[in-house]
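Once you scroll down, you'll see the structures, which are given as structure tokens.
Okay, so subunit A shows up in both of these, paired with subunit B first and subunit C after.
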Partner chain A sequence: MSEMQPLVRSGVAGQPGTPAEATGPVAGRPRHRDAGGKPRSLAGDAWLDLRRSKVFWTAAGLVAVILLMAAWPALFTSADPRECLLARKHAGPSGGAFFGYDFQGCDVFAKTVYGARASIVVGVCGTLIAGGIGLVIGLAAGFHGGWLDAVLSRFIDIVLGIPFLLAAIVLAKRLTADPASDGVLAVTCTLGLLGWTTAARVMRSAVISAKNQDYVAAARMLGAGPMRLMTRHVLPNSIGPFVVVLTLLLGVNIAGEATLSYLGIGLKNDAISWGIAIAEAGPYARAAAAPLVWPSVFLAATVLAFIMLGDAIRDAFDPKLR
Partner chain B sequence: MTDIKAEVDALPGLDPRAPLLQVADLHVEFRTRDGVAKAVNGVNFWLHPGETLAILGESGCGKSVTAQAIMGILDTPPGHVTRGQVLYRGVDLLRLPEKKRRRVRANRIAMIFQDALSALNPVYPIGFQLGELFRKHRGMSRHDAKRRSIELLDQVRIPAARDRINDYPHQFSGGMRQRVMIAMALALDPEVLIADEPTTALDVTVQAQIMSLLAELQRQRNMGLVLITHDMGVVADVADRISVMYAGRVVEEAPVYDIYARPAHPYTRALLESIPRLDRKGRQLNAISGLPPALTELPPGCSFGPRCGYARDVCRREAPPAYQIAPHRVASCHFIREVLGV
Partner chain C sequence: MFRYVVRRLLQMVLTFFGATFVVYALMFANQDDPLQALAGERPLTDSQRTALTERYHLDDSFLQQYWYYVKGLLTGDFGTSLTGRPIGSMLADAWPVTIRLTLLAIVIAAAVAISAGVLSAIRRGGVFDNATTLLTLIVLALPIVVLAPLAQLIFGIQLGWFPATATKDATLWQLLLPALVLGTLVVATELRVTRSSVADNLRADYVRTARAKGLSAKRVIGVHVLRNSLIPVITLIGVDIGVLMSGAIVTEGVFNIPGVGFNLFRGIRTEDGPLVVGFVSILVIVFLVVNLIVDLLYAVLDPRIRYE
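Let's turn to the complex of A and B:
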């Protein structure tokens, strides 16, 4: 015992940080309470982290501008994107047409601004469809386990094994058989039906780890039934990573819409989208680069903004990183 | 709103004179990839109102699994109750349909977990988690449920309960969390409380506070308390009777004084000898050599045999039956007389 004592003392002396930490940076007020004395939730904690994050504010600002553009394009340009004069073919910037004109003499800036709506609508709706499928399948597989998990997991593997582009081409072609449609619904469904696999996998694993937590056993001990366990205890504790995957998927889907439109199986007729604009400008890239470059820049910035937003939110919510 | 209390009272076969809780010949096994682990192999005990039974044993001896089997919260699969009965006032809970069994949980039998932080849902304030119990089980209004929650938190001595009701579990200290857990377990006035190592995750001063709180609440409510622990120091002050478990069996059961004064099983005796004592300062402690047997391949005969100083040939051949030594005193050893020294 006598040998132990110096060790114990040095152990205590070796933690000079402890007393200082206990009083906290704000004297007398515990870290988890704000000025009003109201307790903070996990989301509240995450918000406090986000508020200090430059990445978050940059991404959020970009996303806000893009959403505004999608909702009210007329705020950004007074020109009509469908008013094209061949006489202005590949003309340089003039007046409100900051980016010049494309091969049909359409205002590139106006077309880019108006193209945001198609990208956002397809991206958001496709992500919502994918999210819905992923949530149901992931939650069912993870919570029920056993044979249902085995069947659903193999199903996820199968869908994941299908080459995306090949399946998208087949599916989009099939769905856009009606020549009158502009293809928005077809592209949205295609992206939704093919994109849910990662979300479902993440949901499943989060549900499995939440399901085995003590608080679920405790809730069961207190008489909770399976529905209550799933909706009240497992779901709120496993939804975090899933939501983050969805924000990433949003960026991927916006790029996917552009890909399909570029290939000529996405939006069509006189729809205005970044993918179509890029596809149309491609052959004339050497004569006029602007009609190719600007939609590409907007597309890249939008995808980046959503992915950055997802990243920042994940970091703020991940307790292991705090 | 159906009255859940009345519903439980109307269970067929419920006998108010039967023991509050009786566990008979309980067997639990875990069917894993590495084979069948026999975690509980014939546990017997009973409990009366107002009584404290301590279940004592080292890690992996089946204490917590027994508790989970009583509550019906074993993870199935891999856990399966293969034999035995869990009788609440004469009603076999293991044979009740899940729906009825759920009514018994929390209303009649509740449990406290070892680690209160992980046993409280991190995404809801504690007031919500407590209030939900009153609203769902008792049909109280939001306002009444909140009032009851505050009363309950006061009872478990959470300072400024009214202000802390909207706090989240991670905002409480370890001891306070365990108090919240106790409040949740006691919310619906159960008659039996199972405390699964309630103080293991806490430091020593807080341990003492929680134990005295538990003892006090038990006295007030005349509850039956099953205290699961590996700490002989915790047990001595609060328990009325002790069941010592080893490798899924109760090897000795006796009133608390008798166990400390005259252990009848070599394992109990060895446990007592391995506690540091002030009057034997400076002397070598007697540790129990060897390790508990792997539950997947329990030895034939007495499972403590390989580590036992009294073991002879018969111990390797036959599992010892439970010998009645005195009223309320049972021990499973071929050589009780030798161990007792009579």
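Let's turn to the complex of A and C:
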């Protein structure tokens, strides 16, 4: 792939040193140039691939609906999810309550719609925390190398050595000890503090391979300091795989929130969450299936949407697959 | 090989202390008043306080307390649950069921993953391959909290094909549906790894040689390719054990299987701190040991790994 060949010139001319900006064959209109003849970046190239992908559009559409649901649940239902009448226990669908009522007589559709917010907020914030930790540790280990790399890599090994849910149980139990809290902060921190390992590993190896490229050596010879090398040359060229891992992690974290809430160490105290809804409906599954089925379907669709999105983006960013 | 074993053992010791330290620090560091928590609502006299402080080494430094905990773990003293039962005997009761469930899940997952993986690698880009790629994506996205209750609802309650819950000494028939649920957690990754490694090996020189010698396709794939392709799949088992353990907590809770996961599930629900810490510590140790064994096995099967 010609656009992957790094040129020293673009690295030191003061522009971001993405190798994708290197000039390619002149004949015709090369793939990496748009109509105006401007060089297209790797991201631009990936976007062109993504635009043609059905999987990407399906996933993006689903994600858009879910985000809308999380931001303005009132757009989807006019019912109040906390207005429960025991008289309606396990009643069938009626009016706006498309999915009927649960064992406490709450509107299942309204509860499911309002449950999106907890999943998205916890998932996104947890992923951002994990991303921050992973970025710093991966960049430090990969860029500095030597003893720092050895220490940080062992640290990553230790955290990876504990299965996620086991560590999450201990951590979430510790953080949700305060009976007054609704657990949002605790679950977010749990997911953030435990989820960064893969991101850090990916970042570390991407940084190491970017660091050893010729254009970095050239920039260093031209007198660029370590800070400039890191921010202008190494980081832009190694961030791609990291971002993809974070997209996938978003799906994993949403599932993690539901699992912790299901186990009773996640969201609590009147919080509306798909995990809690599934746990509550389980024992009544024989009497009424809808309160169990719909939160499960919404949860699975959300996780699937984010994983599909991450998959599509990875395929677009991975030039080897083209 | 010797150097590899030593290095791997040292790594495991480091991880053991790191992991147990994290678990211990999280659980017991800066608790408000553990003695009052132990006594509940009842008031504690000063002499009781002194006796309990002495008994639980509460006056010692944090590191010393951590040392007592590790010593307990290594000598088989895992503490007592809040219900008064020693955690060691609870574990002894619970292990057999969990091991049966996990083994069943591993066997089912491996059988499906290897056969489907080989088939889709042979016909890459075909209908079967595309269907399995899509299916693995969907299976990967299904969280266990969705899978287990829904499988119980559909196949256990509504269709009635399988028993919906297990009894005290769970039979293999009762464990089949939970094992299928647990197996789906790992089948997707195993299938993808089998597929890509078979596809890689199909292009290798030794396969061309075998074909050129006139061996049948069955023998080339069944003996030559499969033997080399299964090596990466074996390393997955180590990772899978961790996934299965996590999955077993929810699955055993849903299907009422009296195994390790069920005890942990109940411990979390009833806020039984010592039980949770005891079980989690032991599961972490089991995970570390299994991973060590798998890594050593991997080094035996694939000599290249020793010279890394």
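Simple rule for what comes next: the second predicted complex is superposed on the first by the 283 of 322 C-alpha atoms of A that agree within 3 Å, B and C clash if a C-alpha of one lies under 4 Å from a C-alpha of the other, contacts with A are read in each partner's own complex, and residues count from 1 in each chain.
Note that in this section contacts are C-beta pairs under 8 Å (C-beta built on N, C-alpha and C of every residue); 3 or more make two chains touch, one makes a residue touch a chain.
Note that this is a predicted model, so its numbers are computed, not measured.
A.B. asks: Identify whether subunit B and subunit C fit side by side or clash on subunit A in the overlaid structures.
C.D. replies: Once subunit A is superposed (C-alpha atoms), there is room for both subunit B and subunit C without a clash.
A.B. asks: Applying the touch criterion given at the start, work out whether A:233 contacts subunit B, subunit C, both or neither, answering first, second, both or neither.
C.D. replies: After superposition on chain A, A:233 lies in contact with subunit B alone.
A.B. asks: Which partner reaches more residues of subunit A, subunit B or subunit C?
C.D. replies: C
A.B. asks: State whether A:316 touches subunit B only (first), subunit C only (second), both chains, or neither.
C.D. replies: Neither partner.
A.B. asks: So, does A:206 touch the first partner subunit B, the second partner subunit C, both, or neither?
C.D. replies: After superposing on A, A:206 lies clear of both subunit B and subunit C.
A.B. asks: Using the superposition on chain A described above, determine whether A:156 touches subunit B (first), subunit C (second), both, or neither.
C.D. replies: Touch status of A:156: no partner.
A.B. asks: Check the residue A:288 against both partner chains and state whether it touches subunit B (first), subunit C (second), both, or neither.
C.D. replies: neither
A.B. asks: Based on the superposed arrangement, let me know which partner A:278 touches: subunit B (first), subunit C (second), both, or neither?
C.D. replies: In the superposed model, A:278 contacts subunit C only, not subunit B.
A.B. asks: Between subunit B and subunit C, report the minimum C-alpha distance in the superposition, expressed in whole angstrom.
C.D. replies: Superposed model gives a least subunit B-subunit C C-alpha distance of 11 Å.
A.B. asks: Could you list which residues of subunit A make contact with subunit B in one structure and with subunit C in the other?
C.D. replies: none
A.B. asks: Quick one: in the complex, what on subunit A touches subunit B?
C.D. replies: 30, 32, 37-42, 146, 212-215, 217-225, 228, 232-233, 236-237
A.B. asks: Along subunit C, where are the residues that touch subunit A in the complex?
C.D. replies: 11, 14-15, 18-19, 22-23, 26-27, 137-138, 140-146, 149-150, 152-153, 157-158, 242-243, 245-246, 249-250, 253-254, 264-265, 268-269, 273, 276-277, 280, 283-284, 287-288, 291
A.B. asks: So in the complex, which bits of subunit B are touching subunit A?
C.D. replies: 68, 71, 73, 75, 77, 102-103, 105-107, 110-111, 113, 115, 118-125, 132-133, 136-137, 163-164, 166-168, 170-171, 181, 184-185, 187-188
A.B. asks: Along subunit A, where are the residues that touch subunit C in the complex?
C.D. replies: Answer in residue numbers: 154-155, 157-158, 161-167, 169-171, 173-174, 251, 255, 258-259, 262-265, 275, 278-279, 281-282, 285-286, 289, 292-293, 296, 299-300, 303-304, 307-308, 311.
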